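Below, chain A partners chain B and then partners chain C, in two separate complexes.
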Partner chain A sequence: MRHGRGRFVAGFLAAPLAVYLIFMIWPYVQTLMYSFTSWGGFSNEAPFAGLDNYRQLLSDDTFQAALLHNVFFLVALPLVTILLALFFAFLLNVGGRGNRAGVRGVFGSSVYKVIFFFPQVLSVAIIVILWDALYRTDGQGLINFLLIKLHLVDPNHPLQFVNDPTPFLGVPKVLWWILIVVVWANVGFYLVLFSAAMQSISKDIYEAAMLDGATRVHTFFRITLPLLRDSVSVAWVYIGFVALDMFVWIFALTPQQGGPNHASEVFATVLWREAFTRGQFGYACAMGVAMAIFTLILGAIQLTATRRERIEL
Partner chain B sequence: MTTVSDTASTSAITPAPGERIGLRRPGRGERGGVLNVFSHAILVCWGLMVALPLLWAVMSAFKTDAEIVRDPIGLPDGLHWENFTTAWTTGHIGDLFLNTVIVMAGGVAGTMLLGAMAAYVLARYDFPGNRAIYYLFIAGLTLPIFLAIVPLYKVVANIGASFPWLGLNSYLMLVIVYIAFSLPFTVFFLHSFFRTLPTEIAEAAIMDGATHTKLFFKVMLPMAKPGLISIGIFNVIGQWNQWLLPTVLMQPQSGGEEKHAMLAQGLIELMVNQGYQGDYGALFAGTTMAMLPILIVYVSFQRQVQAGLTGATLK
Partner chain C sequence: MATVTYSKATRIYPGTERPAVDHLDLEIGDGEFLVLVGPSGCGKSTSLRMLAGLEDVDEGTISIDSRDVTHLPPKARDIAMVFQNYALYPHMTVYENMAFALKLRKTSKAEIDRRVKEAAGLLQLEEYLNRKPKALSGGQRQRVAMGRAIVREPQVFLMDEPLSNLDAKLRVQTRSQIATLQANLGITTVYVTHDQTEAMTMGHRVAVMLDGVLQQVDTPRALYDAPANVFVAGFIGSPAMNIKTVQLTEQGAAFAEMVLPLTRQQVATAHADGGNGKVTVGFRPEDTDIVGASEGGMPIVVELVEDLGADANVYGHAAIGGASERFVVRTDRRHMPNMGDTVFIKPRSEHHHAFHAVSGSRI
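Showing the complex of A and B:
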């Protein structure tokens, strides 16, 4: 039984590990190495530049504005998505008619779930094209057209959506419009996630609570929500990754891929422009490293926060 | 995370006017009656917000451009199939589909095979360096793709200089890159899955003289089928949605070379380059053709897709 064991282990690990190291780990390691050079990207020469790129980052206004925009998404996106998803999951599971204990779906809840889940299976490209058309600024887009018909919007001044850099609550309006699209695209998934978690809770708990006279709504807030804690924190991490990225949404939906006039730049769009438009690969790599450090710090905060929660329990 | 859950529960109370109603009506039969109507009203609203834009795109695909501009919400005055012809010929939707299917077939199959092999060995065999390799895979979970995109482009270009069939714009290269970037989650998920499988059957198979390789393919893989389906669906959707990797890597290297663009990449290029400037009908037709097959597949397998995706996330 022992013979051939070592060879088997090595044989099975060789291919996955090789692919992973060459095409994933090696590029990340190179990002770190190039961040100390002024590599232009197209030559094979990468003159050593020490910490110059990092010093430049500290005085780069566009980069710092982009960082703030990522922070905006990092706060707003999980908050809105999770609240909406929980709310819909509550309505789907608790709103049901009848007097049986426990979580029971409303009539047609599986139909609702199928439809709500649509954006998750559509390619991001399709969602972007749809919303680009919905957000048309000339009165012919679906949203402007309907609002003008309802006399909610002046036909001479239709909504400018992603062309609008003026601030709302201290954040350029274009970012709020993008937020709506990304929430629209993500809510369905987390709703199904929370719904599945709710249905896996044992019915006995509900029956006991009902015997003690608890109402359906009571049981939701006293039993269901606390037991969803784990799912909610998983969701928070996943949406956090979306908020740190945001690349495709900003790149494809906003004018000048981060405009108007840099009002909607995020980390990823600035990095992209430095690398592929301006040929500043070394500098772009330094941005990548800064981003990775930022992500790691967030991860550490997340870990300590969860650990504290466990002790409390 | 504490603050997070607290805000979540406090704010979730506010949008529930049904709560007060529910408390006032303890009668068994009608409990939840008003809440029920209220639920359906809100749920139908959100359902319409999701479905109407999709229906609108399909409807607009049958309109002429003049109609779309004149009356965006009216029904088409006739079925203008020529939009679909335009999208198919100038937008190369057919080629995009074929390219995507080729790369995804290779990418998902390769991810499943290599991911299962690595996860199995790491989960069931003890050897020096096991933990280190496992954590190396897990580390990939935390790194966003675009951090590595610049050097990745360079790595692929350099390999392509010696082996053109593995360089930029090659199907095989993209398949391998997809595999590399799908491995962390696949290994992470299947690792925990292989750990839960019972050891008795494996021991019995070894007693009967099965080799380790045979044990894996004949015994362990079939036992891991539910996990494989979950992670398989997860990878299908992930690679189907992938846009950044093909956009950077699938670039023709000489003027005469045909670009092997993926569907997501091709559609966004159409939009950004405004190749269809003024030709919204054809853009909607292209979108419709890209959208309907995946929606049909999803609706047919919706239970498996929902369970698979959410199951994979919660592991």
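Showing the complex of A and C:
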């Protein structure tokens, strides 16, 4: 059996390695190469342009705004999603107390768990159709309809939702409306993730905390949260990926795929437009490289941060 | 410092018919060390958790110091509990674990420090105060759990099998430590265990439970000397008492070639209530001697001899009423029989216990 084992192993390794090299590594290299050209994407000629593309990036307002929007999502999306998911998971697992003894979730928690998970089952396209109906900007949209009925909104000036580029807290309002949709779509998954982690914490510990006089708020901040730190940091990384991408959500939910008037552009939509509608493949490649560098820096920061935490443990 | 009173306290778990704890009536005195003991599933832990407020009370009441706490949340009861798995907060150091309850009560930093240091001194934990529970041995964790209860200076201590995760030697050692500690602090303590040795050695009084029903509550001595029914008789003592249901005669209980005398009144009581000419009689292995063939003992065929060093347990069987019955006798090492020998055993006079054959209660 030993005879020819090396060749046997190599035989199996060669095929996946080749696939990986051809379809993963080579495109990276190609992208890097094209980023130094002014290739149009449809000709065989890719004139060398040096660092022109990168210089152009530095003065591209749309690109820089898009970068800022990604950073907004990178901060807001994990924060809101994780806090909500933690809060719901806590209520579903240990938050219920009322006047009954013991550790349990709120009344009907098993039903809530299913409901919260619903969006995770739907495809993004369905979610977008759903929210398009909610976000209609006339009196027929569900939210506007209700608010007008309640006299909270002027029927002549209904809410503009994803068509509203005016800023709120320094970011176009359209981004906030999209944030709501993405949080809604993601929170169920992290709720289930945190639920599982909470169930692995022994009930005794909660009971000990109850006997020690901890209220629900104390229990959450002093017991649950510290014990879920690993799950939370994993969730942070996952949602970070979503926040750095956001392509599908922006593309499907906003007018002009990044509008109105580029108010909701992110990295990926700008890149897509440069490459596939304007034919600026060389420039788009430079954007891709910039994005990769940006992501690597974030990854390095994340790694250093978590390493420090581990030593503390 | 407080008294605890269970009054017809009942717990029926949702979806079950039979109560886990059935009309428990129990009074625990100020500063008393009461042990709840029984086989698993007898409702002893449930009783304790009802007192802690971790389990609902479906009927009846529980009061601490004549204050009705039946429906109060755990934190309003001023009790501290030591869990079987210790339930230490894994992300906190030993110091933080012990200080947690005090911090929640907004005790001053200096006072917290004083109390934690004091408890740590009492439990020899000073050098471990900055460690996390993960870095402690089982015995040390157990002491931290004790310390967490002590710093609270609660009205009542509750302990739910706190020694069952320790090895045998450490268990014996910790057993005496807990008893001494309780005596010094003088705090009313309710202690749950399934180990009758722990119950007998630690408790001022012992409450024996079976199937949610309190069987007997008394001093260890009284439980041993006068068990109220067959279950208590068999549960207390090791090796267990020899308990057999045999034919009742005018003179007493008829074993093989041996009659254990019963009083006229005992015989009458045994006959009543469907006794059907039978009586249940028990005698402890340590109250039984191996005697000569002519001294009125019962012949048994030895099948196993356990040499314990100081003495020995002799297991054997005898035919009674056509069935083979097993008996155990504790004997001096010098008189150890061999396997297959026939020896005569005889309980010392007045050291056998009679119970009603049907109801099982002492007669």
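Of note:
The rule is simple: the second predicted complex is superposed on the first by the 277 of 313 C-alpha atoms of A that agree within 3 Å, B and C clash if a C-alpha of one lies under 4 Å from a C-alpha of the other, contacts with A are read in each partner's own complex, and residues count from 1 in each chain.
Methods note: a residue touches a chain if its C-beta (ideal position, glycine included) is under 8 Å from a C-beta of that chain, and two chains touch if they have at least 3 such contacts.
For clarity, every value in this text was computed on a predicted model and none was experimentally measured.
By the touch criterion stated above, A:S231 is placed in contact with chain B alone, chain C being left untouched. When chain A is checked against chain B and against chain C, the one touching more of its residues turns out to be B. In the superposed model, A:A292 lies in contact with chain B only, and not with chain C. When both complexes are overlaid on chain A, the residue A:G4 reaches chain B alone and has no touch with chain C.
By the document's definition of touching, neither partner reaches A:W249: not chain B, not chain C.
In the superposed pair of complexes, A:R222 makes contact with chain C only, with no contact to chain B. In the superposition on chain A, contact is made by A:W26 with chain B only, not with chain C. Shared-chain residue A:D204: touches chain C; no touch with chain B. Common to the chain B-facing and chain C-facing surfaces of chain A are residues 97, 99, 218, 229.
Interface residues of chain A, counted against chain B in their complex, comprise 1, 4-6, 8-9, 11-13, 15-17, 19-20, 22-28, 30-31, 34, 41, 78-79, 82-83, 86-88, 90-92, 94-99, 106-107, 112-126, 128-134, 140-142, 145-146, 184, 187-189, 192-193, 196-197, 215-218, 221, 225, 229-234, 236, 238, 241, 244-245, 247-248, 252, 268, 271-272, 275-276, 281, 284-285, 288-289, 291-292, 295-296, 299, 302, 305-306, 308-309, 312.
Those residues of chain B that touch chain A in the complex are listed here as 1-5, 7-9, 11-13, 15-16, 18-19, 22-23, 26, 28-29, 31-33, 35-36, 38-40, 42-43, 46-47, 49-51, 53-54, 56-57, 60, 68-69, 72-73, 114-115, 117-118, 120-122, 125, 127, 133, 136-137, 140, 142-144, 146-152, 154-156, 176-177, 179-181, 183-184, 187, 206, 211-213, 216, 237, 240-241, 243-244, 248, 263-265, 267-268, 271-272, 280, 283-284, 287, 290-291, 294-295, 298-299, 302, 305-307, 309-311, 313-314. Within the complex, the chain A residues that touch chain C are 97, 99-103, 202, 204-205, 207-214, 218, 222-223, 226-227, 229, 313. Per the touch definition, chain C reaches chain A in the complex via residues 49-50, 52-56, 71, 73-75, 79-81, 83-91, 100-101, 104-105, 132, 148, 152.
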